[in-house]
Every structure is written in structure tokens, then in C-alpha cells.
Amino acid sequence: MAEPGVTAVLLVSGPDQKGLVAAVSDFIYRHGGNIRTADQHTDFEQRLFLQRVEWELAGFDLPRDGIADTFRPLAERFGMSFDVRFSDHVPRVAIFVSRLDHCLQDLLWRFRSGELPAEVPLVISNHPDLRALAGSFGVNYYVHPVTLETKAVEEEAMLARLRAEKVDLVVLARYMQVLSDRFVAAWPNRMINIHHSFLPAFAGARPHHQAYARGVKVIGATAHYVTSDLDEGPIIEQDVARVSHRDSVHDLVRKGRDLEKVVLARAVNLHLRHRVLVYGNKTVVFE
Amino acid sequence: MAEPGVTAVLLVSGPDQKGLVAAVSDFIYRHGGNIRTADQHTDFEQRLFLQRVEWELAGFDLPRDGIADTFRPLAERFGMSFDVRFSDHVPRVAIFVSRLDHCLQDLLWRFRSGELPAEVPLVISNHPDLRALAGSFGVNYYVHPVTLETKAVEEEAMLARLRAEKVDLVVLARYMQVLSDRFVAAWPNRMINIHHSFLPAFAGARPHHQAYARGVKVIGATAHYVTSDLDEGPIIEQDVARVSHRDSVHDLVRKGRDLEKVVLARAVNLHLRHRVLVYGNKTVVFE
Amino acid sequence: MAEPGVTAVLLVSGPDQKGLVAAVSDFIYRHGGNIRTADQHTDFEQRLFLQRVEWELAGFDLPRDGIADTFRPLAERFGMSFDVRFSDHVPRVAIFVSRLDHCLQDLLWRFRSGELPAEVPLVISNHPDLRALAGSFGVNYYVHPVTLETKAVEEEAMLARLRAEKVDLVVLARYMQVLSDRFVAAWPNRMINIHHSFLPAFAGARPHHQAYARGVKVIGATAHYVTSDLDEGPIIEQDVARVSHRDSVHDLVRKGRDLEKVVLARAVNLHLRHRVLVYGNKTVVFE
Amino acid sequence: MAEPGVTAVLLVSGPDQKGLVAAVSDFIYRHGGNIRTADQHTDFEQRLFLQRVEWELAGFDLPRDGIADTFRPLAERFGMSFDVRFSDHVPRVAIFVSRLDHCLQDLLWRFRSGELPAEVPLVISNHPDLRALAGSFGVNYYVHPVTLETKAVEEEAMLARLRAEKVDLVVLARYMQVLSDRFVAAWPNRMINIHHSFLPAFAGARPHHQAYARGVKVIGATAHYVTSDLDEGPIIEQDVARVSHRDSVHDLVRKGRDLEKVVLARAVNLHLRHRVLVYGNKTVVFE
């Protein structure tokens, strides 16, 4: 018997065709599910259909581990890929940082307060600086200094650690090292980075200095999934703030911090609540 | 045979219960409809379910005028009220103005360019000032000066005119007269007003002067359906702009104009595309 | 000899008249000061002039404690009131909280990081809940539970504590008690409150519940100086966020937290950098 | 004798040094001027000082055409360049368009209403499409179709026309031709373009299509002075709007139109009110 309030989330994508919505909602209804929210999107250029349905497990007549198997024939008939998640599953998140602490402390506060629905078993850094901060939230902190020589070895060690901790999601919270393609490939659509500009403007290093030099009147921050193309992965969330000639680079950095915190937190929240679907290099965000 | 690209929109509301989504989507599928978008919202406090489904008429096996009758038994089974609209129906809009022209000229431009999908057969005003503007867009302009003595008579004349022109929607584009309850009651959820403040702040007269006196750092505009409670109807859309001590009342008025234009245009657009559902004193806006 | 980089700030207000700007800038120039920024505002309705001038102390030929006396005759000639501040003075700030921790932890982080240029010798609360949080930043935490009977006594004790700690500014960071007029009167333009709505909308209790009931599409937060009129003091800063029918009261509270943090931090920062001048019930903010 | 309310604006720039503010304000005071606003900015990296002072001509004891000559020795002493403008001078603006009419009709409305303080003697286009629109505002419309062969000749003809009409400012209101370096060089800091992206993102052609392909969550518009580097000139104003996966390219274009209109209008307004100073490739905007 399911706990009251627990929900299942079904994420579906495949070629657009008649009857998809009816088939999915009928499947849930026939098994006694009460749909709480249903969102869908069709990319008409690519004839691609994406859907997210969330329903209450209370009264649903399939056991959790039977849902996927029961749904599979229907999915295959329509050529859809799908995924099933449960709202009482608590994901495990690893946060990567370097020396800047604003995103780390903001995220740890949000996790502890329950705003972000996940556990943080560990923080990984290439510097020892933020150990005390992690410690004040009771989170383990591991230092993996990365140099050209040690990169392969350290990445292997980090991967082992993440696997040992059964990490579901990696969050790069102003982590200043570029991870290898091999490392990135292990976390497809499960590694989120915050970049301190409104991408694609000011990709690469020191975006605030670039923004200052260009004299823009708006700065931004971008949270995106990490792919092997640096700063080119699917964008989850962006936001901006006004600046003027009065703002020095130092002011841009300060205003940027507030943007980075909220943009990264929103993206992590959307991901953890199974509201982000990726296709091609874009995201569908069912807010 | 339906024209290619034409869609039907079904708007549904009623008590939340299992099987609603499945029943509606199954109805459309069984009759050969391809759903383009489906949005729903459940107000869990009130156990109220609201849905908007849009599907292509091409291939749908019911004639337009048979859809409502065929759907009715299903709606009655679930205790739902519903409405059917068609994307190729061109609604008829009357615009009410007084002396300020910014919203009028903005709306007329948007109607002419096709951005707003409707016809404007007439503009009504209590002043003759904007006749030439309406004329430059080829729109008839009628002056109904309203005084305490003439109000009842003029309103009756305006109502007759609106009926004769088969008007579907009335837009108050900075119309400065208060319409009687009787007049308002003839246009339930079909009369949109723009108020030049972020309601509920600064309801009533001269909101920019009130805002200036209060020293706010943000001003706004609100588009809402008109009800018998002045400035209290269901809000469709709001937006804001930053101001500072440097802004005089004149500056607030100027910045306010740009807000009013876009907020009113967005609200009218959402209404005309059947994306606004009203319940209680609130709106659900399926963007 | 002044440290390099230290600046003096002169805040001036009085009746608008010719020669004011020239007199002030000439005063600074004659004594060897290099003006870094000069801002002024004239309220033409009230014929009131307000100015903020900041200049480098390096090379200035007056000792710090001689500046006010030397400037006074000039101020008196023009009927101006004035104030002199120094950038290397570190103000002392007391934070008042109740049970919600988001503003407190955000502020303490900003003070510790140096973003907010002040010291926080103490946190005062009517609840013991946030003692550990203050402690993790090394800040003393005092509990003053306030009931109808104890209010006068507790307020006296709090005042004594603030005086003993030589506090310059009191920040109410979601402090849920209403302070007496007598207490408030002791901190004219030196007590900042954060209210979780875009005032004047939703003054009073439970603004998010009010906003939800009204169905607004935008929520806000307001930082203002505290006066004896609850939620009516001079507004320093406001900001807003979009919401929709999908947002529950819980979501408004969550989105509101992010607003409250940044709006309060910005207001405190502006105050501490001597950028806010109050006149009547309004502020001039020289950003 | 100067008309009441008329003001003079002095724009000054040069190497930062002591006494500049005092010298300028003293100059105005000695000649009987009452300063209405004074703004200044120092770029400390480049040790560059920029100032804008506006004062009432009523009571000023220099004739208009004597101000520059009288001020020149002072400017030379400090190595400053400067410019004097008068608020009752009505600048003459030429608007360049192609086929899209939204910016043109928005600008013409703002000029006619007096919001933008200038005259528009002519509109120039490479297409005949918008002749009627210009005509409805009583503005002459000239077609200069540009091909590879005719470009030099047509540009010469356009330049002649602009000179004959004593044009002060050229506004490219979605003009789709690239003007030659020679043409651009004739309008240094006097030609404003609107680009439909938040530059430097999506420079070049079809920015909305680029934005759609990249999957950004924010789109923008940028008004900038035109230089020989396409889309690289000094930015005057930018603004953004949120978009989501639901927005097609067509929706981005529609949302972009509202951005382009207000961003361009704000930039033109700031320029016409002498509030924009250019240095290097950046602007100082004294709002």
C-alpha cells in the first residue's frame, strides 16, 4: 500500500502521433491512478512528443516495481522511450566547488531546509578552502587537487567516490576545473553547471571581465547540463540583472553572485522534481 | 472536411476526480483528433479541475456543430461545464477609450498586423478626440458622452450598438468612465480593463500620483476582467518597471504607458486564444 | 595622514538655491580633496535639494574631526543640514529575527564575506530557534521573549543591550513582533525592515496568503525604514517575481524567500554605504 | 532673455583631476545659473572624468552663443573636451526602415505625442512598403533600393538628402541593409541601431532563429551606436524577456518586437536628451 501523498512521475518522449495522450492517461486511469498534473510538449519541426504525468500512488493497483514492465508494451507500440520516478525517492547529490563559497553555502542551506528535495553526502573540491563550510552543514568534504599530471588519476578516484556514494546528480557550483570528456560522459543529463553569464554570450573564462569590457547593460547567469562541449550544453535556466556604467567589475561579480545562486538553485530544483526533459541540445522545462 | 491547420479548443471545468484526463483525451482520440496541446490545472483546496485541450480538426470525424452535443453526456457524467471554440472563428472586439491614445493605437496596430486574432468593428468613446486615429485604421468611432443624467440612456445605446455589431469582447483601453453594474453584467468574463498600477496597490483614481506620493521603487500595470467591484475583478496579467527618486509623476506616467500597452495586449491575446479560464475571482492562464 | 583609499562622505539637504553645488564642491577643492562621486537630487515641488559627495581623504588638508566644524558656517549660510561619514568607519549592526532563518543566514554570510561593510555584534530574537545558526558565524544570540506583560521590560532590556554594543543600525530580518513606538523612535532612519509584499499592497499579516487569494501574477518584497506607522515607512528597495496559477501559497513563500534575501541585503548595503537620504516619507537612493 | 524653463546642458570629458567639479559648478554659479541636475562618472582605470550638468538659462548672464567661448579657457586648462546643448533646440531625426513596421510606427507615435523631443522630416527605406504608414504621420518617405551595383550611388544620394534636411540623428529601425564604412563614418555617435538580441549573443543575421536553436530561456534586444564593426558599437540600452520551450521562432519574433520597440525608444530618448556620453567602445548613460 502506497503512502498517502506519494506520487509517481512518468516521463515519455517519442514521435508525435495520434492517441498518445489518450493512451498514457488511459493507462493511469485503468490502474486507478489520480493524475495530479500532466504536461506535454510537441516540437512540430521534429515531430517529437514529450510528456510528464504525475499521479497519486494511493489507490493505484500496480506495485511500484511493476509499473515500468506493465507500461512497456504500450511504450513500444508508440515507439516511445520512458522513465518512471517516485516522489519519495530521495536523490543523492554531489557538489563540486573550488574556492568561491556563495553557491555552496546557498545550496547547502536549501538542501538542509528541505527546499531542495535531496541529500548531499559529499562535497568535492580541488582546494581545501571550503572544508569548514561543508562541515558546518555536516557534509563530508574531499579534496582532489587536479594538475595536468594527476587529472586522469584524480578523476578516476572521484568517479569511484561518486559511485560508492550512489550519487544521482553532480552539481558544479563554480567548480573551476574542466572535466574530461570521459568524466562528463558518465553523467549524461545528470551534471549541472552554473556559468556566470547569459550564454551564449561570454562563454569561457572571466565572463564578468568580458561583460565589463563590452559595456553591456545587462548581465546574466546560466545553468545547463554539462556536455563535452564546454558551455554548450542544454540550458535549463537563465536570469539577468541590470547594470550600468557605475558598476565596476567588482560590482558585476557581486551582482552576479546573487544571480548564480538563484539560477543554479532553480535548475537543481527543477531537475530533482523531474521537470526537465532533454532532447537534442535543448530542454523542455515543465514548471 | 476541415481546413488544414484549423484547431478546436475544449475548455472544461468541474470537480476533480479520477479519469477526467483519460476521458477527455480518449474522446478526442476515438474521433480521430490529434491533440496539439493539453493543459490542466487542479486547485487542490477547492478540488476543482480545469482543462484546455486543443486538437487539429483535420481528420476529426465529428462535424463542428456536433462536437458539443457528442461531448455533453461525458461532461454530465463528470459534472463538468465546458465550452468549444474554433481557431478560425474571428472574434469581434469593441475598444472603449477616452482621451489617451497610447493603448488604442497600440491595439489597433496589433489587430491590423494580425498579432491579435480578431476584428475591431468599432471604437466607442466619451470624447471625440481619437476619431482620426481610429479612422486611420479604418475603424468606426462612436462618441457617447456620459453625464449623470445621460448615463442610463447612453449605456443602453452602447449596448444596442455592441449587440448590433455582434461584439464578443469589450476592451477598456484607458476608458475613464465607470460603467454601471447592469452594463458590466452583460459582459461576464468578456470585458477587459487595463489599470495603471500593480493591483491591489493604488486602486482607484490617479494611481501614478499615489505611487509617487508613496515613494515606491516599482510601478506596474494590471489587466483584469471587469466586475461590479471596481478594480477588483480577476487578474489576467501584470507587469512592473523600476522607478527611482529621479522619476517625476510625469516620468511614471511615461513609463506606465509602455507597461499598459504590453500588459493589455498580452491579456487580450490570451483571451482571444482561449487561454484564460476564470474561477472564483481568479484566472488560470494556460500560456 | 589619511590612509590611501579612505574617503569622506558628505550628505547635505536643504532648500534649493543657486550656488549650492558650487559652494560644496569649492569647499572640498579648496581643502585639497579629490571628488570621487557627486550625486544630487532636487525635489522641485518641495524646492528641496539633497546631495551626496564622496572624496578621497588622501591630500585633504583638514583633519577628520575638523571637517564638520569648518563646513558648518557654509551650511548655515544656505540653511542646510548635513552629516559627515568616513568609509573606514565600521558600523555595528544588530539583527532581529524570529523563527525563519533565510534572511539571517543570508545576511550573516554577506557580512562575513565582506560584501556588507559592517560588524554584527549580536542577534536578538523572541525565540531560541536560531541560536546555533548565529553561533556558527560566531555571533552572540540573545533571546527576549515578548508577551503583552513583558513587552515594556524586554524592550528596555533590548535597548540597553543595543546601546551597550554601540549599535548603529537595527535590521529586522523577518522579526515577527511589533515594536513599540517608543522603541522605534530610538532608531530614526536607522531601523530597516523587510516586508514580504510589494507595499503598499498586502500590508499587514500573511501577505503571501493575501496575494494567493487575490490571484496576482506578480509578488514582491519591500525593504523600508521602520516608523511608528506599521508597513508605512520610507521605502528603500523593492523587487518582484512572476507567479502563476500553478503556484500554491507554499510556492509563493518559497519564491518570496529569494526576493526577501536580496531586497533586504541591497537595502542594508545602500544604507551602510551612506547612499540613502530620507525626506518626508520617501527616500533618495544614490546608487 | 531666455524663455522660462529652457536649460543648457554642458557635456564634459577629460583626464580626472582635482578641482574639475568645483571649476565647472563655479563657472555656472558665477554667471547666475541654477543647476537642475549634475551627474558625473569617473572611470578610475582610465583616469577619465565625464560630466553632464544642466542649468536654467533664466537668469544666466551669458548669451547662448557666448557660453562655449567663455567656457573654453577653463576647459583647456583642464584638458577637457566639451559640448553645449540647449533644451529648446529641436533635433531632426531620420528613420531608416526596410519592411517591418513595428519600430517605425512606435517611434512615429512617440515623436508625434511629444514623448520623444525631436522632429522627423523623413523616413528612408530600401523598400516602398511603409510609405503609407509614414504618410499617415505626415512624414516624407524616400525609397533608396540598394543593390551591389547601386550601393555607392544610393548612399551618396541618401547622404545628400540627410544633409539637405539638416538631420542630427539617424535611427535604424530594423533597417536590413549594411551601410558602408564611409556612410557610417559620417554619423559618429549619431546613428543608433536596434539589434534583436542581447548582444554580444547572436550577432549577425536571424538572431531569433539562432536563439531558438540554442534553446535559451531569455531573449533580448540591444540599441547601440553604429560603428564600422557590425553589431559591435557602444551599447546604449538592452532589455530581455523570458521565453520557454513553448515558444516557437514565431513567438520569439513576436516577443522580440515588444522589446525592440521599447529598447530603441529608450535609447533614442536618452540620446535626444543629451544623456549618453561615449568613450572607447562604451557609453555612460546619465538617466
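Letters A, B, C and D name the chains as they come in the text, with residue numbers starting at 1 for each one.
The definition used in the following text is that a contact is a pair of C-beta atoms (placed from the backbone, for glycine too) under 8 Å apart; a residue touches a chain by one contact, two chains touch by 3 or more.
Small disclaimer: the values here were computed from a predicted structure and weren't measured.
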{"item": "Furthest chain, CA centroid comparison against chain C", "value": "B"}
{"item": "Averaged-CA centre spacing for the pair chain C and chain A, given as whole angstrom", "value": "37"}
{"item": "Geometric centre distance via CA averages, chain D-chain A, whole Å", "value": "42"}
{"item": "Interface hub residues of chain B, defined as touching at least two other chains", "value": "246, 287"}
{"item": "Chain contact graph, described as a line, ring, star, complete graph or other shape", "value": "complete"}
{"item": "Of all residues in chain B, those that touch chain D in their complex", "value": "101-102, 105, 109, 113, 115, 136, 246, 254, 257-258, 262, 265, 287"}
{"item": "Chain A-touching residues of chain D, taken from the complex the two chains share", "value": "41, 44, 198-202, 214-218, 220, 234-240, 244-246, 248, 281-285, 287"}
{"item": "Residue numbers on chain D that touch chain C, as the complex places them", "value": "17-23, 25-26, 28-30, 32-40, 42, 59, 242"}
